[in-house]
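See the structures that follow.
Look at the two complexes coming up: subunit A is in both, with subunit B in one and subunit C in the other.
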Partner chain A sequence: MSELIHTIREKSQELLAAGRVDGILCLVRDRFDVVQPRLIFRAEEIGSIETSPKWNLAKLALQTIRQSGPSFRLAVVCRGCDERALLELAKRNQFDATRITVLGYTCSREQAESCLCVRPYPEKPLAGEKIEGVDPFADPRVSALLTGDEGKRMARWAGLLSRCIKCYGCRNACPICVCTPCKLEDDLWVERAVVPTELIPYHLIRAFHLSDTCVACGACQDACPVGIPLLTLQLLMRRRLQERYAYEAGLEADRKSPLLMDFDHASPAGFELPAWTVSSEAPHER
Partner chain B sequence: MNAPERNDKKPSPRVLVFACRWCALVGADAAGRKKTELPASFRVIPVECASMVEPDSVLRALASGADGVAVMGCHLGGCRFNDANHVAVKRMEALGDLLDTVGIGRRRLLLSFGTAHEGHEFAEILGNFLQELGPLPELTPWRKTLLNLPAFR
Partner chain C sequence: MSAESVRERTPRDLPRGMSEKTEDMVPIEDRSGSTACCGEVRFVRTTCPYCGTGCGVILKVEGGRLTRTLPDREHPVSRGTLCVKGWSAHEFVASPDRLTQPLLRDGDSFRPIPWDEAIALAAGKLRETADRHGPDAVGGLSSAKCTNEENYLFQRLIRAAFRTNNVDHCARLCHAPTTVAMVQTLGSGAMTNSIADLAGADFILVIGSNAAESHPVLMGEIYKAIDRGARLVVVDPRRTAVAENAAEHLRIRPGSDIPLLNGMMRHLVDAKLYDEAFIRERTEAFPEFLEYLKGWTVEGAARETGIPTEKIREIAEGYARAPQAAVVYCMGITQHACGTANVIAVCDLAMLCGQVGKEFSGIYPLRGQNNVQGACDMGALPNVFPGYQAVSDPTLRAKFAQAWGVAELTDRPGLTVTEMISQAGKGIRALYIMAENPMLSDPDVTHVMHSLKKLDFLIVQDIFLTETARLAHLVLPGACFAEKTGTFTNTERRFQLLRRAVAPPGEALDDFAILCRLSRALDVPVPYDTPAAAMEEIAALCPAYGGIRHSRLEKAGLQWPCPHLDHPGTRFLHQGRFSRGLGHFVRPDHTPPQEMPDREYPFYLSTGRMFAHYHTGTMTRRSPFLNREKEGAYAEIHPEDAARLTVGPGDMIRISTRRGSIVTAAVLTTRVAPGTVFVPFHFAEARANVLTNPVLDPVSKIPEFKVCAARVEKEAVDGKP
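What follows is the complex of A and B.
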């Protein structure tokens, strides 16, 4: 048994025994040797907690909290991406953050490389050592889709996205996609039950709604039955958000997304027109 | 199935303009009153503020047949609704990133803040935009013609 799992089990035991949490959401190896997410309540079950395979638990945690009573406190054994997703959900008032305790563990180098993860660790890891992330833009598969001739890329993306069978798996798997009603189910925006999928409305609206909330966990991509590289769709927006506003989703609990309206702060941009807008006049004085 | 041949008389690109009624719509109005010559292939939707234009609407317009979309608002700092148009700027810029990602390109999205409130300015900006859109490839594979989808070719 690795040390990482050992630390997690010990801590879970401690929390349950002290009564600081009422349940623990984690991956559990059951008696048929199948690993799946479970909500455990008793100390006997703690011995079967697992940390792999990758399974995003943030959405399950949200559902658990919503379906339980107001005093129910939950601990979640999860990876860094889940921690960020939970923080992002709490920031958007989806649940009371004090009710969830995150027992985070770091990912290994191989795991980080398979996810192309920039931050393969939670902010406050309970177990494991923080390792440096992978730059997704250095990956040839990603850079082929994000750089190069625009026309060719447009055809390439259209080809990839037109594989879509509109199973809504990407939306359902995404820990952040929790809006009701969802625009993707509204005939005004996306025709329901029509395949092939309309590419711009379905895919780009979905992608844009996550532009400032995507924590790059890759759940959409893992859920996609036809293998569309959905995470790649978010990467450029995430990077630009970081370049322009030094903002990354899921990191700062007290900082609102720069794309949201905020009357408390002064003008976020100056009085000068950004260089990329079209103007028929010379830059004006402030 | 091959894409239909474009004939010599290529229709001028279709543009949907979201114009802030306090600024760009005044410019559009003035251009009309002066009878400025403009291609007839654009339509203007007046909005109360540029920040009311959801990026989703821009995407919907592109999907429904527009070759380009223009979002025009007031000067930054000159918005009637406090800093609302700053939000529009930031959202539209993020949308531009998404369009860049998939290769549609942010060139199809015209953003102009505070520079279209006079007739000649509106005409100039829109005229340039229409010209720029002309040589761009059609968005056909991204639209709903079933047989045009690459998977069905």
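What follows is the complex of A and C.
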């Protein structure tokens, strides 16, 4: 067992034993050697906590919090991308974030490369050492999609996007996609019953709609059955936001998105941001 | 909840300036009567109930109810992806339309009866029919939606209780030609390779498959191949979603697949591009086949298919020269009066070029139903016992009779689905239908209805009161995929576990339990009560599945053949040696479609599926998210034809054939060629199979769903044309 997992299991044990959380959302390796998500309530199950494969849990965490009573407190064993997704959801007032404790762990170089991750760590990791992220635009998988003249790029993207079979997996897997009704379903943009979807209404509206919320976790791309490079689409949006406003979704707890500009530069009022947004654990007080 | 009501209720929760953006993100709801814990939340890994790809799904269970379906990132086939049907797999399970009690016909309606009475009645009526009219007066339609263990018990019951082989299922309507033709040529009637192998192919020929809509996750492997540089060529009369994404789409005239394949093979022979060594070492009957090919030319093929000669040569050479070439086919090949010969031609092409018996290349028939492979494997077929062991073999009959605790089994081959239905009320007096809906799925459904109504006794076991169940004398409420254990076998021969996540509704029972009870009521001993124990009996009787145990399937399933407990399963077939020994070149004798457009019925009519719905729609049309995508029936017609008929988008059109007519909404699209109309068969209110031609392929008995002649007229609305 790696030291990283050991630390996480120990901390989980401690939190449950002390009654500081009521449940732990994590990945477990079952007795058949298969990893899957699970909501753990008992200390006996802690020995099976796992940290790979990559499996974003932020959306499950959000659902769990929303569907439980207001005093139910949840710990989430997760990577940096999940922590950022949770922070973004908290900033967007999607759940009472003081009920969440993040047990964050860092990712390896290999994991960072495979995810094209700029920041392969939570802000204050419980386990593991922070390593430097990768520059996704230096990666050939991304750069190959962004080079060449406009006609060629357009043809390449149109070819990839026309594979879409409207599984809605990108939307379903995205931790931030929680709008009701979803823009893809409001019958303004996306024609029903037609595949491939039209390029602009489905994919570009989704990309723009997430422009200042996407935390680049890549869950959309992981869920895509037909290999559309959805993360690259979002990376472009994120880069623009960074260049223009030095803003990155999922990072600064007390700074709201520049796209929500209201000429008032005071910090968001009316709700309190939890301490775990800058530390790995919420200071629970009973 | 509307955005407005949220804003009114919780204005103080919204940080200043965030309202513009957050209005559509619904903020926290206060839950009154809160409990400290969110209650039971379980994630159950299981197998998707829709197509033959066999994706891994994780059902989220909260407080005994299914609330979500998630993709399984550890699954060997789907690897964390799903199509829209998979993501919605939980939605129909708790439908208020689910059957919850056994129902007995009472005049024009039904009344609920207790299970004991239902089982006694079913057993009594079936027994009485066999006693009075002979064993072959009883028939059973098993189900490609049910598990292997259920299919096994079903055919076991029919064969052991009544000494008849009248058992079949809907494979007759999809891949019967595949099992027949591939056994004849290669020795094994299943996809030769694995789904993941497609990603390694260099040239992929897709004939008559719209995998992008019908097998979307499998299509992902084809895209992986394309991303590696592979060439995708699609042969289809429709410009399908697969065709849209192909390097080349050849719009073939319906029903001319053999001329195309023979033309390709003739060119490869003339150009000496075939694999001589492979043919010499691995095959037989090639000289006779060469002789046969002399009767075919590329020019003739071009005339019959409408595909230019240079294209025929080009794709033939592309296929032959590729280091790894795959052929993917589906209903466009099989659902013809020459369906068996069509598949034979595909196998001949693969053998001619040596593109089979190795990794990545091979022949990929895409099975439609989640367990249609398994239903065939389990012997829900009128001529073979489980494991494709012929009923004509006395040694095998003795083996099965002994295992099933009966004195003898019959060698008389049984009737197929289509034959049982047309014999209903004549030779067949009582029919037991488990989870099939021939009132929508079979050709010429008007005839099906008349036939089924003539039966002395019809038992339908299903999860909904389907169009077929409405005709039954006795309806038995079964369980759906989320409510039972057992195994499904996907299109790549992979046995996969189904795990129970919730209980069946009301008094509904899982089909395995119903079959155990009915078997025992008919004096057929069943010495076990669990699907896992049934699998042990199957393994003991079928060499190809000898190593299959539920305990071995937990992690990633197993692909047959898997003959013993240490066997790792088989990723691709025919390595070094074909299942039958030498590959056998067979002449694919061409029969043109039995009904061609003429003056009276000038259109080609073709049927098929669309991405959001599945087969007869019993599940998908009860899934709100899927039904939202397409709520009602439609037909695709080319804009030029529509203009001629003064039909606009959404106008109602009447489509008629010699069997009957339907009225449906027109979708104007160039996906169909001029002179062609396409009708999906999901919709009970405009049944495509009112129209289809029940003419059968003489070998496999598959109906010619894919081609018939039709007339299209604008439907008068309120007396105004």
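FYI, the second predicted complex is superposed on the first by the 262 of 286 C-alpha atoms of A that agree within 3 Å, B and C clash if a C-alpha of one lies under 4 Å from a C-alpha of the other, contacts with A are read in each partner's own complex, and residues count from 1 in each chain.
Here is the rule we use: a residue touches a chain if its C-beta (ideal position, glycine included) is under 8 Å from a C-beta of that chain, and two chains touch if they have at least 3 such contacts.
Bear in mind the structure is a predicted one, so any value in this text is a computation, not a measurement.
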Problem - First, second, both or neither for A:P201, with subunit B first and subunit C second - result: first
Exercise for the section: With the two complexes superposed on chain A, say which partner A:L233 touches: subunit B (first), subunit C (second), both, or neither. Expected result: first
Practice task
Examine A:G151 and indicate which partner it touches, taking first as subunit B and second as subunit C; both and neither are also allowed.
Solution key: first
Handout entry: First, second, both or neither for A:S211, with subunit B first and subunit C second
Key = first
Practice task
Considering only the touch criterion stated at the top, classify A:L259 as touching first (subunit B), second (subunit C), both, or neither.
Solution key: both
Exercise for the section: Based on the superposed arrangement, let me know which partner A:P37 touches: subunit B (first), subunit C (second), both, or neither? Expected result: second
Practice task
Go through the superposed model and pick first if A:S162 touches only subunit B, second if only subunit C, both, or neither.
Solution key: both
Handout entry: Which of subunit B and subunit C A:C224 touches, first, second, both or neither
Key = second
Problem - subunit B and subunit C contact sites that coincide on subunit A, given as residue numbers - result: 159, 162-163, 183, 196, 259-261, 268-271
Completion exercise
Contacts from subunit A onto subunit C in the complex sit at residues 22-23, 32-39, 41, 53-55, 63-64, 66-72, 91-96, 159, 162-163, 165-169, 172-173, 178-181, 183, 185, 192-193, 195-196, 222-227, 256-257, 259-262, 264, 266, 268-271
Exercise for the section: Would you tell me which residues of subunit C are touching subunit A in their complex? Expected result: 1, 12-18, 20-22, 24-31, 34-39, 41, 43, 45, 58, 62, 68, 70-74, 78, 80-84, 86-87, 212-213, 216-217, 219-220, 223-224, 227, 241, 244-245, 554-555, 610-612, 625, 628-630
Completion exercise
Touching subunit B in the complex, subunit A uses residues 146, 150-159, 161-163, 183, 189, 196, 198-201, 204-205, 207-209, 211-212, 232-233, 235-237, 240-241, 244, 258-261, 263, 267-274, 276-281, 284
Completion exercise
In the complex, subunit B touches subunit A at residues 51, 55-56, 59-60, 62-63, 75-77, 82-84, 86-87, 89-91, 93-106, 110-116, 121, 124-125, 128-129, 137, 141-144, 146, 149-152
